[in-house]
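Input: a single structure, listed below in structure tokens.
Just so it is clear, A, B and C label the chains in written order, and each chain counts residues from 1 on its own.
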Amino acid sequence: MSMIEIKGLVKAFGDLEVLKGIDQNVEEGEVLCIIGPSGSGKSTMLRCINRLEEPTGGEIYIDGNLVTEENIDKMRSKMGMVFQSFNLFPHKSVIENLTIGPVNVRKESENDAAEKAMRLLERVGLAEKAEEYPRNLSGGQQQRVAIARALTMDPDVLLFDEPTSALDPEMVGEVLDVMKDLARDGMTMVVVTHEMGFAREVADKVIFMDEGYIVEEGSPEEVLGNPKMERTKDFLSKVL
Amino acid sequence: MEFYLKGFLIACRGIPATVIVSLVAIVMGAAIGLLLALCSQVKSRILRAIAKVYVDIVRGTPMLVQALIMAYGIPQLVQSWGIDFKWTDYGGMAIPAVIVCGLNSAAYMSEVIRSGIQAIDKGQMEAARSLGMSHGMAMRLVIIPQAVRIILPAFANEFVTLIKETSVLGYVGVVEILRHGQLWNSSSYQTFPAYIGVAIAYMILTIPLSKLINGYERKMARKEAAA
Amino acid sequence: MKAFKKYLAMILGAAMIFTLAACGGGADNSAETDDSSDSEAQVLRVVTEATFAPFESTDEDTGEIIGFDPDMMAAIAEDQGLTLEWINMEFDSLIPAVNSNQGDIICAGMNKLAGDRAQMADFGDTYFESDLMLLVKSDSDLSGIDAVTSDMKLASQIGTTGGDMVQEMKEEGKIADSVVLNQWTDCYLQLQNGEVQGVIVDKPVGEAYLKSHGDIAKFAGESFGDHEEFAFAVKKGNTELLDKLNAGLANIKASGKYEELVDKWFS
């Protein structure tokens, strides 16, 4: 059974059809990178997986369970999400950002949640920032906290929506390092990204999207190294 | 000069009543206003319509009219149904007055809270939902605490407004600041000293509050600039 | 109404004596009016508080101020060749209004014996005398003002003798609370709704209310408190105008017009 199964996913905003029928599986432990020009629908596809956008048509299964409006809260806690703009809670300290989910959604005790939060902060190298507020952290640090927060719910899958696009270039590396670390540990990840180097190094599978379709998919070597489709070649020639 | 001092001291006797009524009304206004603001955010058309009609009615009629309806009309209506209802049994005429002030405040607060909530970045809700929080939990833990900081100055301004608006209470027999002045004026005919005293008593309450609000806003602005 | 007829007889008697006594003054007045022919064309502003039926109230249909006072003043004005204009305001604004020249005459069922009023404005001759009554709900057991207990609430109108009295009773701990409202109608509403146990009211005002609401309320016991004398008033020192009004009042009492009006409004 695949970790994520996407069947005939369609999403329209009014008359504008952004996703025109997407079928894709992500296996357990797999890292899937989604690349493509802006407006190609890649972020929308990611957001449809955890229903931040409500799909217009099609079905999504997580670990064999159909995602519906009713079970969405439960399903979301199986999927961590990392946003382009971090979206840390500014009124909470770093550690509170990490305990708010487990304590309130899973009713874990404050102590257990705090202990786990510290482990995760150590993992992203920010244990000493636990009591700081997000506004006092650099962008790279904020994004690493956001990744740690996404991990607090012990997700089966992590979804990354252009996690480095809002960062200054010198901070991109520290975030990608954390992500590589996660990938090595066998985390199932879906990453919408413009970082071709990261995709080449870490991805098990790369898909290239354009105008609401998956144009090309395969191993990083195939899609990035030896693309077959004109549109893929065209895109890669612009970004590489 | 002696009359002015007397007028002021007499008006000051109304300060506890004015402050208590304003406090209760603002708490009530904030609670109902929050409910209304949440109603106007949900998908249910009925709830949204209720919130809108409420705001239209309350903001479209003078507070004095509402106070008279609440204080005199409601008991008469309820009694006509054969139920023995009078405000005196529930704490006196201050109760309908407080209710009206609170309901009025709620209409205004709902707008303030709504715009406060809308000022919070959409990503905050998404981040909260992606942790598995329900919409309500996300509102309670993430959105509203942030919105509160934005709306705090407007909230305090509303408190200043309420302190002044509670003067309608006098019409239903609650003796607050203005009423103390009116009563004294009616027996002494010291009209100017009486109402100057009333004005100063109100200013003692409102001016420090306004100063506090300004200070808070400046502090927040500095914080924004530093971040 | 029997007691009332007695009053009337008293007033008329007083009026007759007054008329005779004032005869000499009348001559002076007419001489003065000749001198100041300008002021005759001038409209005199009468200020009142029109929720004091039957003395003055606002006509539901026309919005006009009607009642005993407007009719009486109209008769006086006709007698003295004056033109009047009525202005409705809050009761406790009336004296300040004439003192600040926003009105010329107060005619509002005002008791000239209450408080320091007589020092704040010049009052004319008494045109009506009244006493206070306790108005209670028709099913009330209260036997009179002396039976009021410290757990009760009493209402009255601001600026009236009753208003002063309920506040005094509150201060002396004789009642739980005094409810002093801007309008009699609000006092009646609080009585009807059961918010207060009684309303201290001027007798003729209470009588007018009972005429239409006898099923709801009644008087408890006998009259009490200070005797009241209603009079019109002018700004302090405006004796010229006051003399005219007094003369007019004396004339309509003598002509029977006054009695006619009392009959119209109080029976």
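We adopt the following convention: contacts are C-beta pairs under 8 Å (C-beta built on N, C-alpha and C of every residue); 3 or more make two chains touch, one makes a residue touch a chain.
The structure displayed is predicted, hence computed values, not measured ones.
Chain centre most remote from that of chain A: C (centre = mean of CA atoms). Nearest to the overall CA centre, using the mean of each chain's CA atoms, is chain B. Chain B and chain C have centres, each the mean of its CA atoms, that are 39 Å apart.
Note: centroid distance chain A to chain B, computed from Cα atoms, is 45 Å.
Taking the mean of the C-alpha atoms as each chain's centre, chain A and chain C sit 84 Å apart. Chain contact summary for the complex, chain C toward chain B: residues 91-93, 95-96, 115-117, 120, 153, 155, 158-159, 163-164, 167, 177, 179-182, 186, 189-190, 192-196.
Against chain B, the residues of chain A that register as touching in their complex are 50, 52, 73-74, 76-77, 79-81, 83, 85, 87-91, 100-101, 104-106, 135, 146, 149-150, 152-153. Within the complex formed with chain A, the residues of chain B that make contact are 121, 123-124, 126-134, 137, 141-142, 145-146, 149, 227. Note for the complex: chain B touches chain C at residues 72, 75-76, 79, 84, 86-88, 92-93, 170-173, 175, 179, 182-183, 185-189, 191.
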